[in-house]
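First subunit A sits with subunit B, and in the next complex the same chain sits with subunit C.
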Partner chain A sequence: MVSEHIASLQPIAWHEPRDSYDVVIIGGGGHGLSTAYYLATRHGITNVAVVEVDYIASGNTGRNTTIIRSNYAIPEAIRFYDHSRQLYAGLEAETGAAIFHRVKGHVWIAHTEMGMRTERGRVLMNQAMGVDTELLGPADVKRLVPQVDLTGAGRYAVLGASHHVPAATARHDRVAWAFASGASSRGVHLIQHRPVTGLLRDGDRVVGVETAAGPIRAGVVLSAVGGWVSQVAAMARIRLPVRTHPLHAFVTNDFEQGLDKIVASTELACYVSQTERGQMLIGAEFDSQPSFSRLSSFDALRSYAYKISALLPFLRSMRILRTWAGLCDISADFSPIMGETGVDGFLITTGWGTWGFKAIPAGGEAMAELIATGRTPGLIAPFGLDRFRHDLAMADQASAGTR
Partner chain B sequence: MHELDCPRCGRRPLDEFTFGGERRPAPDWLIDPDDRDFDEVWVFENPAGITNERWFHSAGCRRWLTVRRDTNADRVVEIA
Partner chain C sequence: MTDAPAEVAGRIVVDGRPIEFADGDSVAVAIVRTGEVPGHGGCLCLAGDCGNCLAEVDGVAYVRTCQVAARPGTVVVRHPAGGKPQLPVVDWRDLTLMPVGSKIAVRRTEADVAVIGGGSSGQSAVEAARSAGRDVLLLDARDGSEVVGIYPGPSIVARDPGGMLHVRADEIVVATGSVEIQPACPGSDLGGIVTAGAAERLEAAGVDLGRVVHVGRELLRFEGDAGRVSAVVTVGMDATETTTPCETAVVDLGRAPRDVLARMSRAEGVSAVGPAAEDQPLPAPPRDGVVCPCMGTTVDDLEAAWDQGYTDLELLKRASWAGLGPCQGGACLPHVRSWIAARTSGPPPAPFTARPAARQITLAEAAADVAIDAFRRTPLHDEHLTLGARMDRFGGWWRPWHYGDAVAEYWAVREGVSVGDVSTLGKLVVSGPDVVEALERIYPCHVADIKPGRSRYALLLNERGHVMDDGMILRDAETRFTLTFTSGGAANAEMWLRDWIQTWGLRVHVMDRTMSLAAINVTGPLVKTLLARLGLEDAPRFLGHIRAEIAGVPCHVMRLSFTGETAFELHHPLDGSVALWRALMDAGRDLGVRPHGLQALFGLRLEKGHVIVGMDTELDTTPRRLGMDWAVRMEKPAFIGRASLERTAKLDDSRRWVGFSMDGEAPTEGSPIRSVENGEIIGNVTGSWTSPLLRKALMLGWQRRTPFADRVEIDGREAVVTPTPFYDPEGHRARA
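Up next, the complex of A and B:
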């Protein structure tokens, strides 16, 4: 079985870097790689380099909790994420890569009347947009997730839930690998271990990047950076409505009985799913204070374990095998920021907070279209950086899955 | 970071405090008053390094603290 999976990995082609490209993408994570992939496959633009400070998918793409869903609360976000969900569903067929895509359903549990109102609103908005989300009572929750304690350990009673039927998970590094392989086999250059230290400018226009190993000129530069995006944007004198917070996650040992659904609770600020290896994957809320520290603390793990085991008591007998943290770029309105920046030759895709993995295909496809045609696709037009200037914030914190 | 040294209450768990955001003026090179207002409302400096910020001791003395913190290590440098 394992060797079969290894055999299904598609190779990445490595090229000797040139000193000039049509497009340079800063950041070899999911969004950078998918943008390169769609530039090559949809638009025939292959004179592209992806410049990564570490190895590809070493940042948040390899550190998230791999959930794909579109049960958001505002029409613009539902439309965008549902398109991304559909692209994910077709990704194995399109690329031939095994990304372990599994449709599971996402049960979003509420413990208060306020929480139920949020879930009712989510269900109505999703259904109005043609997305399959239904409202559940406690008995339905117990039927779908037999392991749940409806009393919430006597403290967090389950009043109901919304059930987003098409929600899925996929293996995150496989997703990055599928896009990297698809892009590099068509001639895109992936340049690893190359920190970008500055931007090349010609007057007001950005014309390339300065790196630790010399300059690379570019027709267009896209920042697809996660974590240090405020620092990269500052190189173009752009100030972002973004704060970077770490979010911790962990996996337990194998749970043989199996948990079919993705289970989340906003009030408990935690969520859980089962990985392909049978481990229980648990994430929680991001730290309240911004930081770039990826050390997980015992206090944080204890608090997540306490909360999630109130909902799923079987977790009390599991052991934590591995923990890690990712850096979430939380935008002021909890929605992504994609598109033009006001600086010629410099585009951005950021603000991916705790919702970036699910958006990798649609975000990359839209950014590729913008780069190829010079026009912002309607799907991402509401998420431009200038929306804050025009008082058109896309406020959707209740759909972030964390507080 | 798991605890903060409150000048009034002593060393207390971080859960007792509410993060109040970075404290900074708009940069000097922003001249236009509208640009300065926009910057202070929407923009975050989000530095990788030393930052000045406010914390509210919500479950303690209920006073505001000014904290200097290194965001790379998530460690307090100075507190008042």
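Up next, the complex of A and C:
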């Protein structure tokens, strides 16, 4: 079984780093790697380096709960995330890499009238945008998720849900590696364990990065950094409307497949899906207290364990294999920030918070197009940093994480 | 080598078959005593380190059977060979489902020093701390204290036979010692292989191991028959192979640090001592066979992943799965590091990190004793239930959604008199010499000119000029005000006020009375008749407020209106609430009084075009976008949000919250609003109500495209932008 799994690995090529590239991408997570991949495959730009402080996908890409969905509540977000969902659906065919993409459906449960109001609105807006999301009553929820306790342990009765039919999961490492493989085999350099310590400037223009092992010059620098993005932006003298908050998640041991759907609850602020290995993968809302700590919190674990097992009592007797935390770059309006920064030569893709995994293909594709053409694609135009200056937030908090 | 215990202490059931155990047996030892293995092969350590004795015990899968004492009636089910356990199935008749985890005790304790591990390094740490006069807690796995993890604090979460144990300590010493290195060679996944330590334990328990062969670093491979070891093949200095038949192979390959906890905890105040912190020589690089017994990763697998470029310990771990199983790399890590060192002809890589759980717990154990999400109840909760209310959680409170007939409740307000429980409103009393200055800075409206006995509606803005909350400012006296806030926003508003007042260093006291005062909203054209019967002779005029006794209950009577009809909010002490409510219901019987729930209230307010912060607003909602510039006094020199409003006032007016109306039934809240010209989605409906009085669909919602449209499409129908209030635009009824 392991050998089968390994047989489907795509090769990653490692190159001797140079001291100058057309494009330097800071951050070897999903967004950095997918941008490099699309630069190489869509635009033939391969003189590119991805500079990673640790190993590739060591940050939020390798820590997230791998849900791919487009059931947002504002048209701009629905359009963007649904495009990403479609790219994901075709990614195995395009790259030849096994990413364990599985369409499961996302059942977003509501326990209050206000929760139902949110789900009804979501369904109508999704359908208006051509996205397959339907409203469920409690009996429908029980039919799709037989394990659910409709009384919510006597505390969180299920009033209904929205069901986003095409929602999927994919193995997070495999997604990152698919892009790493596709990019590196075309000549993109992946440079691991290389902290970026500063930016090289020529006047007002950013012309490269300073690293622990010396400078690397670049035509364009893209920050695709997660939790530490405010530090990188500060190197460019940009103050971002982003705060870093830890997010905790955990998995159980491996079991035979049996939970078909992705199940989420806004009020309980948690969600669960079963991985291809058979683990129950459980995530929650980010910590309200900003912090850069990636240490696990037992308080978080016990609260999520309580809530998710109130909804799905079969989880109670399952043992927890591992818990961990990631650092989320939470933007002021719970939507991503992509594109120009106002600093020449320095682009950014950030504000991915708890919702960045699903956006890896579309985010990378759009950033690659911007780098290659110098024009911001329409798909991401509403998500520019300057929207805050113009007071045009893309506020969609009810769709972002769980709240 | 099947061996019945000399003295039978009881029976456990393994895969449906009873087996006998001796006093002191763990489940694993009891199973080995029968000549079988608890898992599906692999070397047993019987010390809680490896994953080779995992089985389902009493309904919990992935339990290390060597760490569970055999008790009469213990039910053990082996995990399927080559497969995984099925998901647990819930017995829906099991009442312990509610509340979650209730049967598991949680004990909390503190110590100056907590020492994990009672071996020689642990004992030294205990003695050193005790002789320094410090209070020491020793957690020893051999006494059943299994440490799940070390957390910031520092603190420890452990499971022991009494339940869950949470420990807070000034200092934590990890003295977990060392583990015996597992074999990683062909045949190492056979049954009948034990470590030297495990062999000692089994012999001490009187288990007959049959023909035993001891083997060390000369080990080449195991040979087997029907899943059990039948011979050990060793290689001599001269490279000759020797095959020794056996029934049990006892392996001694040296030791490695037992460092899962040490690798987990970088928290301040945590240190590792003794063998747990010491580098040990790595085993010889594995050449063939299973390296990671938990996941089944072989040397060939490592090789294959490495060849594909996964040449970093962390990447190799994720690509090959070695170390991803229940023992967290305890078994495979020394082998994988040794293998990488050999592969690269370099030094071994640093070990990968470990994360909780070092010893696993169930979700129920994690959730034990959780007391969270206390939904608040008003003192009138039982009254609502008696009146047949359907209760719903809203803004952190249980509130009546309706009492069976929201439309009848609506009519009671519009044509008669009705009562509503508004105890959930945020209620702050602020006083002190600087109170006017503080409120002038906090609110965008004027405050100083509110006379005692009068009140004013106010928005609460953040620094970005976005609406955070709204409520009333009521002046009680020269230096004393009552402030109200929305139910859901009250806690935040209180923090907000305290934070700013402290920041500014102003002399203002803030007293939160949200939980100590109840409030009943009495509203409708007949309200004055009703209140007069209960003793309110001189009702205050609109936006006035007085103290008065109503039905014998001391009330702060506030004249305002959210419903659009004459309304009085009666704020009063909790203990008078039921009496006041009942008095209102009794005295108003002939007036047709009935209570109204949230559903009717939302319709009533919608007809008036009143905003509900949180339901109608977004994170970037300015007063201008709400059409509420009248609530902002830019002539004031300073208030929170003023600088932002000054800046955003110069931007295009790009989003607007307005009223819409159309014939027929109201559409669903949240419906998209489309352009009649091109069908493009230009906004969404935030409030929607079929007005029984106006006999049409009324909506509130956002337009997010300019130029703003006069006609739009909602729910496939044409709706027209309509000025609000839809009902009684001059406000005569509220002032009546």
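In the analysis below, the second predicted complex is superposed on the first by the 399 of 403 C-alpha atoms of A that agree within 3 Å, B and C clash if a C-alpha of one lies under 4 Å from a C-alpha of the other, contacts with A are read in each partner's own complex, and residues count from 1 in each chain.
The working rule: a contact is a pair of C-beta atoms (placed from the backbone, for glycine too) under 8 Å apart; a residue touches a chain by one contact, two chains touch by 3 or more.
As the structure is a prediction and not an experimental result, all values here were calculated from the model.
J.: Based on the superposed arrangement, let me know which partner A:Pro313 touches: subunit B (first), subunit C (second), both, or neither?
T.: second
J.: So, does A:Ala332 touch the first partner subunit B, the second partner subunit C, both, or neither?
T.: Both partners, subunit B and subunit C.
J.: Would you check which partner chain A:Asn47 touches, where first means subunit B only, second means subunit C only, and both and neither mean what they say?
T.: Touch partners of A:Asn47: none, neither subunit B nor subunit C.
J.: Have a look and say if subunit B or subunit C is in touch with more residues of subunit A.
T.: C
J.: May I ask you to decide whether A:Ser20 touches subunit B, subunit C, both, or neither, giving the answer as first, second, both or neither?
T.: neither
J.: Applying the touch criterion given at the start, work out whether A:Thr275 contacts subunit B, subunit C, both or neither, answering first, second, both or neither.
T.: In the superposition, A:Thr275 touches no partner, neither subunit B nor subunit C.
J.: Tell me the contact category for A:Ser230 with respect to subunit B and subunit C: first, second, both or neither.
T.: Only subunit B is touched by A:Ser230; subunit C is not.
J.: By the touch definition at the top of the document, which applies to A:Ser291: first (subunit B), second (subunit C), both, or neither?
T.: Once the two structures are laid over each other on A, A:Ser291 reaches subunit B alone.
J.: Which parts of subunit A are touched by subunit B and by subunit C alike?
T.: In subunit A, residues 293, 295, 297, 332 are touched by subunit B and also by subunit C.
J.: With touch defined as at the start, can you tell me which subunit A residues reach subunit C in the complex?
T.: 1-3, 5-7, 9-14, 54-56, 58, 62, 73, 75, 111-114, 117-118, 120-122, 124-125, 128-129, 147, 149, 151, 153-155, 173, 177, 181, 184, 192, 252-256, 258-259, 267, 278, 293, 295-298, 301-303, 305-310, 313-324, 332-334, 390-393, 395, 397
J.: Along subunit A, where are the residues that touch subunit B in the complex?
T.: 228, 230-231, 239-244, 246, 287-293, 295, 297, 299, 332, 388-389
J.: Under the definition above, what is the set of subunit C residues touching subunit A in their complex?
T.: 59-63, 83-90, 97-101, 148-149, 151-152, 155, 157, 166, 266-267, 295-298, 300-301, 304-305, 307-312, 314-315, 318-321, 325-326, 328, 355-357, 360-364, 366-368, 370, 372-373, 392-394, 401, 464, 598-599, 615, 618-620, 622, 648, 651, 654-655, 668-672, 674, 681, 684-685
J.: Which stretch or stretches of subunit B touch subunit A in the complex?
T.: Listed in rising order, the residues are 1-2, 13-14, 18-19, 22, 38-39, 42-48, 51, 53, 69, 71-74.
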